[in-house]
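Below is one structure, written out as structure tokens, with a few remarks after it.
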């Protein structure tokens, strides 16, 4: 079996890619570090293990000005590839611009102990799309969870309980925008929160302005968020942003039978109109 | 508690439309005590605000020798300047300042002064020019070279005419090639090129320049060729600022806070700064 | 300065503090995270042995994330300004680790340089800082590099330590601190002798990441404004504000107006040098338009520029930026790239 570093070395030596984005050993025992490898001498750094939780699709929009001449290679798990699919769907990148080094993933961990929450409902141990595949699939010894189970559980609560829950959670937000910066689908050149004429969202932190920020972001991601969980992971104040995004995903799924990031030819329901679309919201 | 963030209230006394995108406000302090006491030096700047829109940084464009009011000229580009342009005479503008260092006026006594300005960059020079003209006998020759991209983008037109007519000033005006009109009687060409033509002598002279970054770069090169020492060349930097008093961390260039240590620097000081501006 | 023994347990001491009508701020679990919050009763308090450090620093109690600096109302074309009141109640911030307590002696310099920011200093004057020595550390801690240690009391008014018999005692560091303890006679008792050091602190000091020579680091920074390393060191950065917002010494801010019909407020909001909009001019020019330039600014400001200006390092080694960075940019490792470790005997 080819290791990731061997593949990377070959790709760089043969001048087939301009860089390889992957994981290397982190500075802390429970973390890995992203590396952007540009020469084959550095390719040895590349690793893959259960700490490789980051979704590297982010580097396709935030670091590279992609050209069709030479693609960028990215190490990707099944869940990460969904973001690439989304970016292709939304015409942010072209398939040929990315060389996907797919890895068979047996679940990843944010803290070195517990399986990442996103892994419990993952059916994509092998990525749906790749250019080369590495790793072995192992039997995942966990109980599969319906991706919307926590949303369904949450929906059982009363309106007041839900409101209070979110107000308490969102109050913690310090507006560092790590959630936005780490999100592969938050690629707007000018984010709504940075627009000043007119000012849509007040930049200070308060319950109400934090709420407008997170609600607006969740709306912008409806039908687009692939559930990679990076926003929640990046939030050092542990705001359960995935719950918010999953709620939107569930609404889209229930109404349009659509899940984001699975088909690069599909049109996102919020970017498309069909005659059979429900119009029961018009009263 | 002394609140360093609290602005003075000023009122617009006069509005001049300088160019299609530039206006000048003449502001008078509401509080007569402040109006009386307020003092500044040419080269200093302030934070001007529209309440509800925010603050914006401009130099004080009037001369400290003209008491009782201050003037500011601004180009309409961002949120605050777009709101400022809509104001009328009698409207309130907030003002904090004066901030920053200033032109070394006293060191310029008995010297030949060469002012080189471009576009709205004339504003800080104008403060100093009038300051020097009001104390004319303290200085030797005064040369003014001013250019803009086209005739309609020349600011302070009435004053330019006045300078042109004065016998105690050598005045040159220029517009970028293509920016001239049929009636244009000035030079045509970029400011650094005209500067080369004028060929000012460095002996006992100080050159003071301000304009768009590309012009300043060219002017600094020209002056170097003309054998001006870096210490004889003075400019004023424009960095994004918010607080104006060395706290908010936006205008740092290395350890230098442009808002406190600047905005006026000579070329020797400028050469010491890292390329972070 | 005097030392005082805490007579009963730590909670009783906090009870005493609360009875003096101070607003007590201390580490507390709230909505799943440990942060400095208002303590309502002594039962909520965590003893210094029960935590390593909080997610965010204590700077927000002196330099809040968002702070009104002036209020205004409109009446037709007239504008009326109204000053902002700062809470009058005296505060005690309790249980700060040395890395947080030391941050104030660093921040004081910038907030009083040339112009005194009274919003910051009014809070400083009204607040008593009670530090607590570290009884544990994690892999991110590197306070020794910045000249601190698990038991350094720098910046605190009072400092809580354990003696070698595992009993907590209070070290008065400033007169302000001593005056506070004197009001707590029921809870404390003056110690005649200097308490014996608990060996724990030395042990922790040894566990912390090895000390980097910051003098050498600065020498390198002095000469390497232009260096391709900056590109390499920042390549994975995503330009979020996690590091700056959690940092006890980062102090950059924005000033923004907000309006609500006929009244409004001008606010000072935290800002961060890693955001690309931070230095963007309205002309479109941006002096720090790349991640490499922005990251260089962050490192330079902390380890060179602030030292050039105030002779202090703008970092206390708390490790928060390291813990929080979503892509594992580790400022300790970064500095170690260009500076050697201090040799230890």
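Order as written gives the chain letters A, B and C; numbering starts at 1 within each chain.
Just so we're on the same page, a contact is a pair of C-beta atoms (placed from the backbone, for glycine too) under 8 Å apart; a residue touches a chain by one contact, two chains touch by 3 or more.
The structure presented is a predicted model; accordingly, all values stated were derived computationally and were not measured.
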| item | value |
| --- | --- |
| Chain separated most widely from subunit B, comparing mean CA positions | A |
| Of A-B and A-C, whichever chain pair has more C-beta contact pairs | A-C |
| Distance between the centres, which are taken as Cα means, of subunit C and subunit B, whole angstrom | 40 |
| Cα-centroid distance, subunit A relative to subunit B, in whole angstrom | 49 |
| Computed distance of Cα centres, subunit C from subunit A, in Å | 32 |
| For subunit B, residues contacting two or more additional chains | 78 |
| Junction residues of subunit A - those touching two or more other chains | none |
| Multi-partner residues of subunit C (each touching 2 or more other chains) | 254, 256, 258 |
| Touching residues (chain side subunit B, partner subunit C) in the complex | 1-7, 9, 49-55, 77-78, 81, 90-92, 94, 213, 238-240, 242-243, 245-250, 252-255, 260, 274-277 |
| Subunit C partner contacts - residues on subunit A that touch it in the complex | 26-29, 31-36, 54, 58-59, 62-63, 168-169, 171-172, 174-178, 180-182, 194, 202-206, 230, 233-234, 236-238 |
| Touch list for subunit C against partner subunit A, complex | 30-33, 55-56, 65-66, 139-140, 235-236, 238-242, 244-246, 254, 256, 258, 267, 269-270, 272, 275, 277, 322-324, 326-330, 332-333 |
| Complex contact set, residues of subunit B against subunit A | 78-79, 82 |
| Complex contacts: residues of subunit A adjacent to subunit B | 196-197 |
